[in-house]
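Two complexes, one shared chain (subunit A), two partners (subunit B, subunit C).
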Partner chain A sequence: MDITGILLIIATTLFFPGIIIRIKSILSGRKGPGIFQPLKDIWRLFRKGAVYSETSSLIFQIAPAIYFSSVLAAISFIPFGDSPGLISFKWDFVCFAYVLALGKFFMIISSLDTGSSFEGMGASREALYSMLVEPAFFILMGSFALLTGYESFFEIFRSLHFGSYVSYAVGVLAAFVIVIIAMTENSRMPVDDPKTHLELTMVHEVMILDNSGFDLGLILYAANLKFAMYGALIANFFLTPGKEWFYSIPIFIGVQILFAMTVGIIESFMARFRMNHNPQFIFAVTSISLLIFLGVLFVTGKFIAA
Partner chain B sequence: MSLSVVALFSIAFFVILTIVIRADWKSNIALLAVLFSAGLSSYIAVKTFFGESFQEIFDGGYVFGTIPVRADALAGWFILLTNFTSLTGILYGRSYMKSYENQPGNLSLHFASYMINHFSMIGIFLIQNFLAFLCFWEIMTISSFLLVIFEHGKMATIKAGINFLVQSHIGVLFLTIGFIYISHHTGSYDFNAINEYSRSVGPSAGSLLFICFFIGFAFKAGFVPFHTWLTYAHPAAPAHISGVMSGVIIKLGIFGILRMLLLINMDYLAMGCIVLLISLLSGVYGVMLAIVQHNVKKLLAYHSIENIGIIGMGIGLGLIGLGLNNSYLTFAGFTGALLHSLNHSLFKSLLFFGAGTVYQKTHTMEIEHLGGLIKKMPQTAILFLIASLAICGLPPFNGFVSEFIIYSGLFNGINQEHILFSILMIGSVSGLTLIGGLAMLCFTKAFGIMFLGKERHLYHEPVHEAKNAILFPKYLIAIFIILIGLLPQFFVGIAVIPAGLFTAVKNLTGQPAEFFPLFQSISMSAFALILLSILLFGIRWLVASPNRLVSPTWGCGYTGPGAKLQYTANSFVRSYRKLVRPLLMMNKKEEKIKGVFPGPVGLQTNPYDRMEAVLIDFPIKYLKGFFNAFRFFQNGKVQFYILYGIIFIVLAIIISLIVETLN
Partner chain C sequence: MIKHIRIKNNSTVSLWDIPLLNYEDLLEQSISLLQDESCHCVNYFGYPHRDQLILICCIANDREHLITISSSVINFNSVLPSFTHHHLAFHLFEREIHENFGIKYSDHPWLKPVRYPFSRADKNSRIENYPFYAIESEEVHEVGVGPIHAGIIEPGHFRFICDGEQILHLEIQLGYQHRGTEQLFLKKNNLLQRTHFAESIAGDTVAGHTTAFVNLWESLCNYDAEDHLQFSRTLALELERIAIHTGDLSALCTDIAYQLGSAVFGRLRTPVINYFQRWCGNRLGKGLIRAGKNNYPFTKQLGDPLKRLFDEYERDFIEMYDEFKTLPSVLARLEKTGTVTKEQAASIGTVGMAAKMSGIPRDIRVSHPHDWYERMNHEPVIKHYGDVYSRTQIRKEEILQSIEIIRNMIKSIPPENKKRKELSFPAPDLFGISLVEGWRGEICHCAITGENGNLVHYKVKDPSFHNWLALALAVRNNEISDFPVCNKSFNLSYCGHDL
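Showing the complex of A and B:
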């Protein structure tokens, strides 16, 4: 058991949203807030009072806490280089995805709990998109299980080694798929614009319209954690060779910064899709992960065996 | 005197007692009878888990031959899960039927059918004689039919019941063909004859035989495309019957398939692929249609098809494991299928009971008409939520455990030698993921619209929490749902005993060593998740400012929000519906707005099953036309009917004489 990974992920959340915001402000030629501004906002929210809708019930009160703890629990499955995650067992990635889904389930019903005319809209979209994106993750993990012959996060990442050119291509595609999954799950730019001011065009933001105070802080911080979590997954692709901490920690931080910058750049130069184009975009991710699977079949020589 | 005879006579006694006793006592007698036969059969079932086999042999005379009553761990497993659901079903049904005490005759029939149904199910698990098995199967079918048509005054109920009866008998036809074929070749009615016969003729004939039995049992289980009766019968029946039907009666089909699997020597690999593909289709198709349903019970009925698909995926996986001589695949597949059968019987009966409570209080099953019930019936709502989370396969509830086992088998199967299996397995993995995601969409809709928000409709009478007698059986089920989720190692430990029967078919090694530590880890992470949530909730209590206000929901500046402004179930699934429109059949009636001052206009959408339209309605239309040509036979004159009889007898004699002379 090793908690370096978890500590690093939490450390990443301190600067991750700040970097996105800085990149966006630099690219649009604004002065922009400091790197720690998003964190300060969350801290302020934690201590603020809250307003609850009179329509809402118990579900609305417990959902943010369950959502947050589901993300934390999911993080405990993520390995860090040579050390396994806090909880590690065979096929733990199934548990990882389903724990995240539990949190999402509660967020969706909590938004329906307010009886709002907008929040159900966001909930419906979030449920649909996360349903569409999930097969991509599972196909990706299945491909890696096939490539390495191992079946848990830790063992897969430990034994992942890039032998041929095809496997490099597989690695790049996999990183790309995880970036897109992270963007979709976090409701970021090509799928959803977190900065939009029109409720009709929101996905995640509109779901949490009625949350305030501590609860809103939890939800916002959980989004940061989720980003850092997917960043950690990407970082794990590159952590395998460096056994010593003075290699792996800088690589980890470097990958996270790069990831945050990528998100910032994507958000600066891309517009949000029309709502009905989103499913097509997400299907494309699934087909890319299928490409990865075919690539892996090629690398492992199954085509020839057949 | 043997146990079976005791059970038979006491059930007969209880049935007579129910008929003669006072109306308000009938339910208690039914409870007593179910308790009695459940106790007796559980005793046999538990013994099988300790390796003690149970066997009684009766002499059925010239017609039946010897009737063996045998119990193994497979029968034991299904007996236990049937007993639990039947017991909670009658506990719930007792209170549910209170309002019908003004119809004593109808009530006697109902409760007598319930007892007979329970008894015949246990008979099906134990009896291993073709003819006696078919008799019990028939008794079970007819008693379920009587249970379904309790409210026979309604046209829809009678139609659903007859649909069920007809389709069940098509299943029986396939079973009968299989049984006749074997008894013709072996001259025996004993189930062991199937085994001996299939070993003597080789795997390809065995496969054909298995397909015949599979279709027969699939009608009962509700695999697509044999599912169409299910979505009518479940909503038509009273809530506790829907729960028992979905929980255990359709599991009889699963039991039959598993029993035949143990007996028939076949081409395991090919059959495994077929079963896996059919199950995948059932799973995805069931949940896809469930989402667009707006009647709670119909929605739950489609989810039964989905869950049968998941169970079938486990069976298919296990079969492929047997074909590849892979002990992990076999083990994970069958353990997953068995455990999911139990899990489904738990959460599905809880969901149906919850829906029944809602129906009794609000007198509607339309999701669009409900809303805000969590404030009026909080316990019912929380119980429904637990079952919804469990059916979506989310941790820390029971559905996750069995789905995890099946996932583990599928991922293990990816690493097979042959590319075909890698592709099949990855396809199944994405199918199972899709099923999970769609189930989440469906149950966020069902729970969110039914119980949350504001009332969407004016209820006829004030709605309040159900009585304790209604809640008690539901809590009982919920406890098991949570226990299996939190301590899976214990329940998986029991499920592996019947699963071991299947690995023994090919003398594969028993359970793999890595199996149990897995469930300890799952149990650990489930506890961690719960502790974290509680901890966070505590922190929230401490840190968050006590300054809390209550105000109307944010309406974007609009200050007159009403219940009609809320998001509806139809709009919640609209983007999904548009996405899958080519695959579904939505009958839409839309009135156009006309003129400057338009009158009231309406929009009506009606989801329909495309498979039903193609496989049932279309042939029936043409069959009707064809058979109409022969209507002159049925002219209502007795003389003609006697003439037909004589013609038939003469023809039978002449044909047999001709055949004899030719030979």
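Showing the complex of A and C:
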């Protein structure tokens, strides 16, 4: 058991959103706020009290805390190089996905709890996209389980990179899939526009319109944690086991920075999708996962045998 | 029997020369005039006079460059057959007459409040009991947006009836911004105050509304504006068009989350409005246009920087627009979104961009030219698909066209006449009309003077008045998440409608 991974993920949240905003600012010809500005905003929210509407119930008050803790719990599954996460057992990636889903479920019912017609709309969109993105994640992890012959995050990542060139190609494809999953799950471009002020076009933001103060701070910080968590998953594809910490930590940080920059660049140079194109886009991610699955079948020889 | 009088834009007619018809004859005549495609109703309003209501109907013929004026006298408690029953474009005019004077219509399909004026006939009709259209069904749901806008621009309430993500119906309720503008024109006797009101009708159409007001005022005073005045008004109108269109392109990019376009078009708008500041000390052009005078004469010293400004502007603008129009993710959002067909646009009588996008060549600069436009051979930009992308293209092409117009204009700046004639007072018992093509479309101001030359009635019509309904039609069967980009592509005025 090693908490280096968790500490690194938390360290990443300090600069991750700042880098995205800075990249977007620079690319649109502005100077932009400091790297730590998003974090300062969250800190400001943490020092505020929350306002609750009279029509909402207990669900609305506890949901942000449950959401936040579900993300924290999910992070404890993530291994770091050759050390396992805080929690590690067979098929832990299934548990990982559903711990995240539990948090999301509470956010969805809490937004329905407000009784606003906007938030119901956002909840329905969020539920749909999470549902569509799920197969992509499971096919991806299932393929790796097949490739390595192991069943947990830690063992899968530890035994990776010992195959042929095909497995490196699979690694790059997998990183791509995780990036898209992270963008979808975090409601970023091109699926959702986090900057918009137009309630009718929002997905995630419209669900949290009624949240304020400390609760809003928790939700925003949980989004940062989620980004860093997916970044850590990507980094794990490139952390060759057995390397010393002075290699693996810079690789980890480097991958996270690259990931943040990619997000910033994507968000600068394209328009977001029309809402009804989003499912197609997410299905495309699932098909890339299937491609990885086929690649793995080739590598392991199971395809020919069948 | 056709009884009407035909006048040119910015001219007046004695009240006693406007033929007075039976209401039924007025109805029949107006409907038959409108069967000609080149005719449309520019204004139709009631004016109370000695316990009776005089209805004045102004129908513009775009081909012959004339405006047909005819009128009728009715009693306040009459129940009338509606024009709307025959021609939908009248629906708001008649709703307004109904709201202001309590005239009842027997066959008006949509007799709802317009803007809740303080002097409305039915004081029980209040903003909170607006009769919204509703569908009783388990499958559809309603989404109410506003009256506070997410971007806190101006208030308006939008009620959607949706089937899942698809919009079946949108009803737009306005009136939150009503300030009693038309009444203020009558209450205040000072010309400067009235000019200020004209400047404040819609903050984004300062040049448009002020030009309409001063042209109308000068025609009531029988004053011929000299070249120099006409020149600067036209220049201000075109500068305003460029500035607002550029800002709209930036806002469209923001709505589809295309950051680069949003930033670059936003930056390009700034030098144009800053030029207004340099010219007259106000970035919106307030204070520039005055009846019978010009406090900020346009000189060659102002012309040279303007030419340099547009040389730089045009280069960057074209580069950005080329990038914008070749990006698949942008086109996917704009094309075939929010379509209004030519039939729909013609039947509800849209004006300006909302007409030109659907192939209706309605442009006052050609049909009823005023000021410097009389010397130009203007060609309106016409598109045919009526979607968001058409409206975007019109903006781009009109910007480039306006730059060309300004370049040609500043080649020969007319000198200022220092010894110009003094503006006199309006003549008594006149009816005057002024049409101006603002950036949003046709602006119409009408005025009636009384026995001693005082204003007794003033009527303002912003292009948004007709066009809001086009937005409601455009979003039908679209996704609700495409509403903001449709709305922005029309960019209609709340306060211009609410007055």
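By our rule, the second predicted complex is superposed on the first by the 302 of 306 C-alpha atoms of A that agree within 3 Å, B and C clash if a C-alpha of one lies under 4 Å from a C-alpha of the other, contacts with A are read in each partner's own complex, and residues count from 1 in each chain.
Please note the rule applied: a contact is a pair of C-beta atoms (placed from the backbone, for glycine too) under 8 Å apart; a residue touches a chain by one contact, two chains touch by 3 or more.
Please read all numbers here as calculations on a predicted model, not as lab measurements.
Using the contact criterion defined above for the overlaid structures, shared-chain residue A:Gly142 touches subunit B, although it does not reach subunit C. In the superposed model, A:Glu119 makes contact with subunit B only, not with subunit C.
For subunit A, the partner that touches more of its residues is B, with subunit B and subunit C as the two candidates. Looking at the shared chain after the overlay, A:Leu218 reaches subunit B, while subunit C stays out of its contact range.
Once chain A of one complex is fitted onto chain A of the other, the partner contacts of A:Met183 are absent, as it touches neither subunit B nor subunit C. Using the contact criterion defined above for the overlaid structures, shared-chain residue A:Val299 touches neither subunit B nor subunit C, since it reaches no partner. Shared-chain residue A:Leu233: touches no atom of subunit B or subunit C.
Residue contacts after overlaying the shared chain place A:His277 against subunit C, while subunit B stays out of touching range.
Once chain A of one complex is fitted onto chain A of the other, the partner contacts of A:Glu199 extend to both subunit B and subunit C.
Residues 117-118, 120-121, 199, 275-276 of subunit A lie at the contact with subunit B in one complex and at the contact with subunit C in the other.
If you check the complex, the residues on subunit A that touch subunit B are 46-59, 62, 65-66, 68-70, 72-73, 76-77, 87-92, 94-95, 97-99, 101-102, 104-105, 108-109, 112-121, 123-125, 127-128, 130-132, 134-135, 137-139, 141-143, 145-146, 149, 151, 199, 209-210, 213-215, 218, 275-276, 279, 286, 293, 297, 302-303, 305-306. Taken together, the subunit B residues at the contact with subunit A in this complex read 371-372, 374-375, 378, 385, 389, 392-395, 400, 404, 407-408, 411-412, 414-415, 417-420, 422, 425-426, 429-430, 433-434, 436-438, 440-441, 443-444, 447-449, 452-454, 514, 517-518, 521-522, 524-525, 528-529, 532-533, 535-537, 540, 543-556, 561, 563, 565-568, 571-576, 578-579.
By the touch criterion given at the top, residues 141-145, 150-151, 165, 253-260, 262-264, 267, 327, 329-330, 332-333, 337, 479-484 of subunit C touch subunit A in their complex.
Those residues of subunit A lying in contact with subunit C across their complex are 24, 27-30, 117-118, 120-121, 189-190, 193, 195-201, 267-277.
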